[in-house]
């Protein structure tokens, strides 16, 4: 990286130093597929232990200072106490994720269920999550609805949209101050014929009808094959409706692999749109979150690796020479414009990130440092007994 | 069909009698893939001969009383004369389709091109198409933009959206009276990395910013694998933004096969949403158009078959017992709700359609009647010389 | 159906009377997605109760006289006793399905695991399944391997194929008499980067190296988007390597919906290839099995409906006029050849199947008869206590 | 790259020096989509000028010493003279590509056509291509069949396979000495319902029935969404049936973009399998070919860039630490095994390739050198008149 102009280096390092990536409490617990959940060792047994793991990731990476919660997986009696525990560990509680897909009543839907009583119960949970936000100080309520149908005719598409709109409205109106609603979309799973919020168009439509603090969240694994995700990023940025990301990677469906593992070039292109729009900065209000399942790999180093992968993609995106890019675009020079992207992408940014970490007082190699730290040996011993956390499906 | 209650039969026949399906002038000309255009016999050589073929389709089906034009493929000196020729043949001129993808200047885009001069030229063509509408009396201007990029970085996504918005605004403002703009989306082809209007969300966003007479058109072959098209139909109906369909069918990409040939059940589900919403009636303003390429099959009978396929899907959709369906949906009875759909779908509606045709004074078997008519032998002889019409790519 | 020539009617009815569809023991138990298993009422608690449910399906359909077992989900102390219980209930035990995906040791693979001890354990289970077959009198051992990797580099593709080949060889050599090995392939899930047997080519390659009694089984939900499944059916039939089907349907991935629910036209095309090749007859050795998950719909009627869906597709396939089809094909008449298919497909075969059932002494409407039978009310009461069967994941 | 151990550097440089990438004559001509072929400047007008362009690519890259021909696009009276012209320009004639998709007789298929006369004509062309090989000294005959059907029922799948097998047999038997047949597969396009050789399984099956010199060729753009191409590479290598590659890249279908442009990580994984199997060396008999369409970008620099992209992916693959990879794999260390891959992939190999070129007496920056050379200005002037070469569709 010795060729980097000092000004560029300084700009890139500064941007990387300000980057914030939120990890997810459930990534530290056990997860799996419908075929099997393979239990791992040292898995946290309660939200406090998840916070300890998230704090460990932040300790070695320096850019993961908050952890998202999932209610009721992370239900505790006293959220203020949980927030203090997080602060003591050096991190914050982040986005609150509602869960309206695991109650037996939600078999045929939650907020879109034909039964008004079930809908009321689901909305009740959403409102309860805002109560939690009030206690944790979280800014964002993230809503993912598994609602949908498995068979043609099972329920009425438009009626379900009406029910959805009502539930979103009631929840949105409950938000106060700077609280935001992040609406997530997903093509399929667990619904296999029709999903009530399957694409960005649907999420965008509802958000525009709710108000400015309703924003779309993009889960990078939730699209049909061939979907150009960075296009959606750009569209939502242009419309002022991009609330954040759930990062992960996929080869097939919602595989929930480590972000950057399946298509690092795509991740780079996504971060390029973010950088182009000046949306990397925390003030831009984009939440960069991980939403992954480490089914077969050890969880904490997988999260660390994921944070590093986002950093590397960001660093490459920051290296794109925008002047050269625009000039080639305006000249209609297809190859040079593409080359401007590829030059940045082909750069090995790992030395730069090692420097960044050293400047931040961190070990330049977070994975190695974590392994040397003895943390895993400690939690393996401490958590040998009891019930490991999981999705509780 | 002897079991149909008289009231049902009457309702269904009445709806089918009122159905209108618009055929496309270019479906009568030669078409092919990038590998080869296989020329057929008897292909029209000018717009007048295309109109004759379209009128022939209407003569045997009774529900295809208009033909869409494509400018400049159907450019003539006097559109009023062309309209009179159509009227003389028993049909009308329908939707005007703009073409901003075949001029050499449009290699890197038309209305989204980095070059302002090229954009001006493209907008000029769009405005010219409205001039044509004024002369033909067409209600709808259909816009499909092949604009996009082949390589990451080739051009800027958001800037291109700004250019697109400007062009749409200028064109929309040129519309007068009841004239409408139908904006089509397509996932890919001919652009292979990013398409400027790739999905319904993008088309919807632009339409809402333009005004009520900007509507989305759904081409059934323009989606990513796994996309639930009837969901989009329902969403746009609910939002008051469904302008029409370009019907065709596909197994893979934009195969442009005869509608109903690849997935007749999907076509039924689409028509079910239309019927459910009361949008089959011509007053609802939904344009039901065919947009197909008959690369290897004879063109006129292929169009007749396509019209019949839409009729059959519609008839089945009209047979769905909505009361039974709603009751099962509200009871959460997944199997009975699905069965209500499947009962209608499994019904053989061909006898009913034969009756309809007889009531309309038509031959109950349009394909056989066409074959007996000698029309093909006539055009094969008459059109043996000269240059057959095609896409002119 | 009054138009059917007596000879045709007789041929079709005879073929339908001889049809055999095997249901799966696990379809009667609880199932779900990774997000949630919604428990249902009346679910069997042991293999004996599953057999009772399977026998019930046969009682009302007449064409489902066997049930497949899954080891160890259906592990019992005495398989001969289980076989007698089945016989007493009027059915037989069918295919034995091995399960090498739920032991904790199999996290990184079973027969392809890098650890020789784990591979030995997995092979041991496969051999144990042949022991079970000896006791149940089952003809077929069905092997589906969830083996694969989630990340590039995780393990070596070719080495894993060597291990797979060894395990298959040892198992194949253990088979005796008419016992067969059915090798299933699946694109993805639960492995998310590379699956060791992802496609028919891989399964075919291994089968040809094993011997004539190694055959490929096609699960209709296990393909990449856009795969032409009936082509694979035809290829394997031509090569003498089609062992059977796992029927289900899907809109997206391995959705495991009721067969015929998502794309009934595809199911018809598959059965058309079977009929064309004379492979419907039991002597042809093709096992027609259901492999589905009834996550949200009641299980027994869902299985009955699935059996009926296969019957309907088969009846339609039997109605294709092969002479007309071949004539049109040989004349290069694309539309008439397609019409020969569509004419059969558009026929309502439900009256014919009602006749068939009446001739077989069954109620013409199996779903209604099941509902009237009181069977569900009985099992709901009887099975209210205890642990419902499931996948045990 | 200063950290590379001298032994590693030497090994990698040596392997890269021996790499051979064949460019395609048709990549230098005009190409497009079915919508439009945008003509470019300086495009060759005959095979001799294509050879000049191919030689130019080799002059600047040093690793593209042969050019594939396409018959009849490259039909000349005297192939020996063409070969001498190539030799004079510093390159060789490579693979002969047959074309049985553009004759009017092939509308319904070539070697699989229902008409025996058409089949004879198609086979005649294949044999003629072997005649050409005898004259050019080409080793490989590459066969891609566009054969297939657009509609269910259009023709019989198994009968077409029989016809295909016959044609392949007759052609294979005509090969002499070291001549090989490379059989290519493609999922779809231009056939839209069923393609006669759609996947590697079909190509493999036919090759094994023909003999050892029948080999499968993988076109990287010819797969269903989600297909793991490097798995197929490994499978065919293990079976001794990988004949070569048609490199290009795609986001959606057969986009024919520059190799490495859409998913450079996938290209790296493919080359990793090649390197792992020791198949990079020319003696291994794998043909590494480009098959691309430069529809909107200038053709010669696009080919140069493509060659460089293959080199970069190869260099990264050569840097994978196989010992570390195997150790991690055998330890079941998912993250370290993946890291071994990613470490190589994240390395910036451009400095190493610049060194390679300097050692080979080339300019380290082939694109810049080409631009400075004045070659384009020369051909633009020389070729301003006359008919530019294209696909002639």
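Going by the order they are written in, the chains are A, B, C and D; count residues from 1 in each one.
Everything that follows uses one rule, which is that contacts are C-beta pairs under 8 Å (C-beta built on N, C-alpha and C of every residue); 3 or more make two chains touch, one makes a residue touch a chain.
Every value quoted in this text rests on a predicted model; they were computed, and no experiment measured them.
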- Query: Listed by label, which chains are in contact with subunit C and with subunit D?
  - Reply: A, B
- Item | Fraction-based call for subunit C against subunit B, same above half, different below | same
- A-D or B-D: which has the larger count of contacting C-beta pairs? B-D
- Between subunit A and subunit B the C-alpha superposition rotation, given in steps of 5 degrees, amounts to 180
- Whole-Å gap separating subunit B and subunit D, where each centre is the average of the chain's CA atoms: 38
- Multi-chain contacts in subunit C, i.e. residues touching at least two other chains, fall at 108, 150-152, 187-188, 193, 225-226, 228, 251-252, 261, 265, 296-297, 334-335, 338-339
- Any idea which subunit D residues touch subunit C in the complex? 108, 114-115, 150-158, 161-162, 187-188, 193-195, 198-202, 204-205, 208, 223-228, 230-232, 234-235, 237-239, 265, 269, 273, 276-277, 325-326, 328-332, 334-335, 337-342
- Complex contact set, residues of subunit A against subunit D: 225-226, 228, 251-252, 261, 263-265, 296-298, 301-302, 305, 312, 334-335, 338-339, 345-348, 350, 367
- Residue numbers on subunit A that touch subunit C, as the complex places them: 31-39, 101-102, 104, 106-108, 146, 150-152, 187-190, 192-193, 225, 250-253, 255, 257-258, 261-262, 295-297, 391, 393
